[in-house]
Amino acid sequence: MSAGWTREQMAARAAQDIPDGAYVNLGIGIPELVAQFVPEGREFIYHTENGLLGMGPQPTEEERDLDLMNAGKKHVTIIPGAAYFHHADSFSMIRGGHIDVCVLGTMQVAANGDIANWSTGAPDAIPAVGGAMDLVQGVKRIFVITQHTTKTGDPKLVEKCSYPLTGPGVVSRIFTDLAVVDVTEDGFRVAELAPGINFEEVREKTGAPILPPK
Amino acid sequence: MSAGWTREQMAARAAQDIPDGAYVNLGIGIPELVAQFVPEGREFIYHTENGLLGMGPQPTEEERDLDLMNAGKKHVTIIPGAAYFHHADSFSMIRGGHIDVCVLGTMQVAANGDIANWSTGAPDAIPAVGGAMDLVQGVKRIFVITQHTTKTGDPKLVEKCSYPLTGPGVVSRIFTDLAVVDVTEDGFRVAELAPGINFEEVREKTGAPILPPK
Amino acid sequence: MINKQYASVAEAVADIPDGATVMVGGFGASGSPIELLHALIDHGATDLTVINNNTGNGEVGLAALIGNGQVSKMICSFPRSSQSKVFPELYRAGKVALEIVPQGTLAERIRAAGAGVPAFYTPTTVGTVLAEGKEVREFNGRPYVMESWLKADFALIKCEVADSLGNLTYNKTARNFSPLMCMAATTTVVQTKTLVDRGGIDPEHVVTPGIFVNRVVEVTQPIHEDVLIAEGRSYP
Amino acid sequence: MINKQYASVAEAVADIPDGATVMVGGFGASGSPIELLHALIDHGATDLTVINNNTGNGEVGLAALIGNGQVSKMICSFPRSSQSKVFPELYRAGKVALEIVPQGTLAERIRAAGAGVPAFYTPTTVGTVLAEGKEVREFNGRPYVMESWLKADFALIKCEVADSLGNLTYNKTARNFSPLMCMAATTTVVQTKTLVDRGGIDPEHVVTPGIFVNRVVEVTQPIHEDVLIAEGRSYP
């Protein structure tokens, strides 16, 4: 077993690439952890698509308000300077290119930046897309945080997504437990290896050609 | 000279045809007078397209607020229960069919309901449309208040507008100094004659075939 | 004097006919008009097409309406949730149809209906199965999908404060789709926690102007869906 | 800590380049950002395309900017007014171009730009000369005209209260086009009568969320255009 990055370390690494003052939308799962690792001296403002800019951390039991939740339907708090708005305004922020960074989990990412994170396409699956397709088309930079492979060892970074796409050619950077991987015109390229991980291991576990760090 | 209706009487007559509880947009000029003649027992709510629902009468000098005006850029007041909103919401009310009645002045109205009230089409004229084209397409019922003829005696109710259209086939009823005239599938039809006016006079002063009252 | 107040939720929904299209405000449990939904269950209209972001939770509110067999079609962005079992079962049994619409497109289609815009273009769903059969068109070299407005016969809305003219404010993220749905329905029915006289809401703070609202019912102690679910309740 | 405050109107407009497209908030005199406009006159950028509902009044603010020869094109719905002589003279002399857009279409095109919607359909202008050359398409048997989004490099906005994150409220009908323009410009510059710390505006009452605002300058005693005109003033 390799060392690599933990879930928290992946989130912390992703946070390093978000500029000060950015408006950020965090997907459900590991992406949510990004908010715990804002680098010293920076501030991010969190958007949640159900109508809130300036989302704060989870509430204590006393703070909890049943009408104050995020897009993952978890109860949240607000920071001073927050604003509420309706869904059309909220998705204007997304589709209109006003959100700087979106950090998403995924099922698959392809070497051309295609992402598939909403449906397995299984015949008996109930389709549920939420705001995923709006986010990947509208937000300026799409980051993905994901384990490098599935629980059964299949690569999640692939030549071509086998699952139905959420959006084509939208992902710019991927943060896995093994490496930071860029989507470039030449396909995947490792930008950084996790501690104790060598390029060969990353190459083996990637389902598409991948270039070593420059 | 015939008796006919004064400007105030034309406005009062138009007000009679506006149902209780209606949301109403009044154009500049004689249409503005409608607000002074709301029939006993009825209430109209006035919309002004620069972002106010619940417009009240003109302010006294003390009441006047420079930031509170109507679409004609006159200072106004608000009634209890008013609401401010931005221009996109305001024109959603118009274009989305939420305003019940719009009362407009006009240069010409044609027998098929075409209205021309924004431009003479003169080569040296500076075009200025404002919200007129949105109103005639969006509001449920378009009423027109106008003198039956121009100052030089030319008919304003015509077979076909010679001025550039504001909108085609949108007017439902016209209130002139001589008569109330409906736009029907058969063209103009007098619905009501002003006191002291006979049908022949109306027919003479109308620039298109016009049917007598049923 | 205009007064849009209705005496009861039952009266306010009494004329919703079978086959109606009904928008229901709320995002998950937040903003869900539980009392109006339960009144609609009591009323019994069937063959409804319901537009909501989700499909309800537990066995109350929207989930109960679906579970009661009154809904023939759902239009939503996310029909799954950890507490939503009613819809998946009926859907798999072929008893309720589903139109899946991305959340931002759903919001914009509803707004478009209220704004008199029959169609618009969006980048959302380009290159995906959800764009299949839809017109794709390039603007400035980028492809966009054409989407049409989405109207309803009725909207059922929960708000925080309403006045007798139908001006509304909401509570926090319970606002979500509700102001849009008020614009897009022929008849908008609102349950409000507090009903005030005209002038009771600052004109600068009105979120939904009264022109978009037809009926207001005061429900001073609205039950929150989350509370009903935590108590394991079902309806009827 | 994010802080969007700028020290002066001069600094806030200093990088507006020649040839820029600039949206200017306001409807007539209400909401017109006089101090920002005068700073733009001092700054001297030329060949500007300006988007506003009108063309200014008297010889101050927007009218003065046009009169100073800095505007090569106006996009507006209503270029005439009883107190607007500057634009008509320059327009007739062929020194400034004009694109006339119906008021509701102007508002919706600006919103569309902010909302990422490149084009939409509206019934407005159907059957008129303003629809000439535009795509007309039927939906449900009714013809509509296609209109495209309208973006800008800068927006100059007047508001009532702003916080340091750029959340804004407005005063009465001075709101008009301003919230839309904030959405549609690459760089939105706001003059505010009152600047408060974050938290100083109730999150329920924010009209323009800070994400749409880049720069905020406090102008505690803004001069109203109507007052300048009543005094017969001109600028510079």
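Points worth noting:
Each chain gets a letter, A, B, C and D, in the order it is written, and its residues are counted from 1.
Keep this in mind: a contact is a pair of C-beta atoms (placed from the backbone, for glycine too) under 8 Å apart; a residue touches a chain by one contact, two chains touch by 3 or more.
Every value quoted in this text rests on a predicted model; they were computed, and no experiment measured them.
Taking the mean of C-alpha positions as each chain's centre, the chain lying farthest from the centre of subunit B is A. Here A-D and B-D were compared by C-beta pairs in contact; the pair with more is B-D. Chain centres here are Cα means. That of subunit C falls 34 Å from that of subunit D. Chain geometry summary: the mean Cα position of subunit A and that of subunit B are 55 Å apart.
Separating the centre of subunit B from that of subunit D, both taken as means of CA atoms, is a distance of 29 Å.
Residue positions 84-85, 88, 91, 94-95, 138 of subunit B each touch two or more of the other chains. Under the contact definition stated at the top, the residues of subunit C that touch 2 or more other chains are 108, 111, 115-117, 122-123, 170, 172, 203-204.
In terms of which chains touch, the assembly is arranged in some other way, matching none of the line, ring, star or all-to-all patterns. Contact between chains, per the stated criterion, is found for A-C, A-D, B-C, B-D, C-D.
Across the complex, subunit C meets subunit A through its residues 27-31, 53, 77-81, 87-88, 91-92, 98, 100-108, 110-111, 122-130, 170-180, 207, 224, 226-227.
Taken in their complex, subunit D has these residues touching subunit A: 1-2, 111, 113-117, 163-165, 167, 183, 197-199, 201, 203-204, 206, 209-212.
Within the complex, the subunit A residues that touch subunit C are 48-52, 65-70, 73, 84-88, 90-91, 94-95, 114, 124, 126-134, 137-138, 164-169. The residues of subunit C lying in touch with subunit D in their complex are 108, 112, 115-123, 139-140, 142, 144, 148, 169-170, 172, 203-205. Looking at the complex, you find that subunit B touches subunit C at residues 20-21, 23, 43, 45, 47, 53-54, 78-85, 88-89, 91-99, 138.
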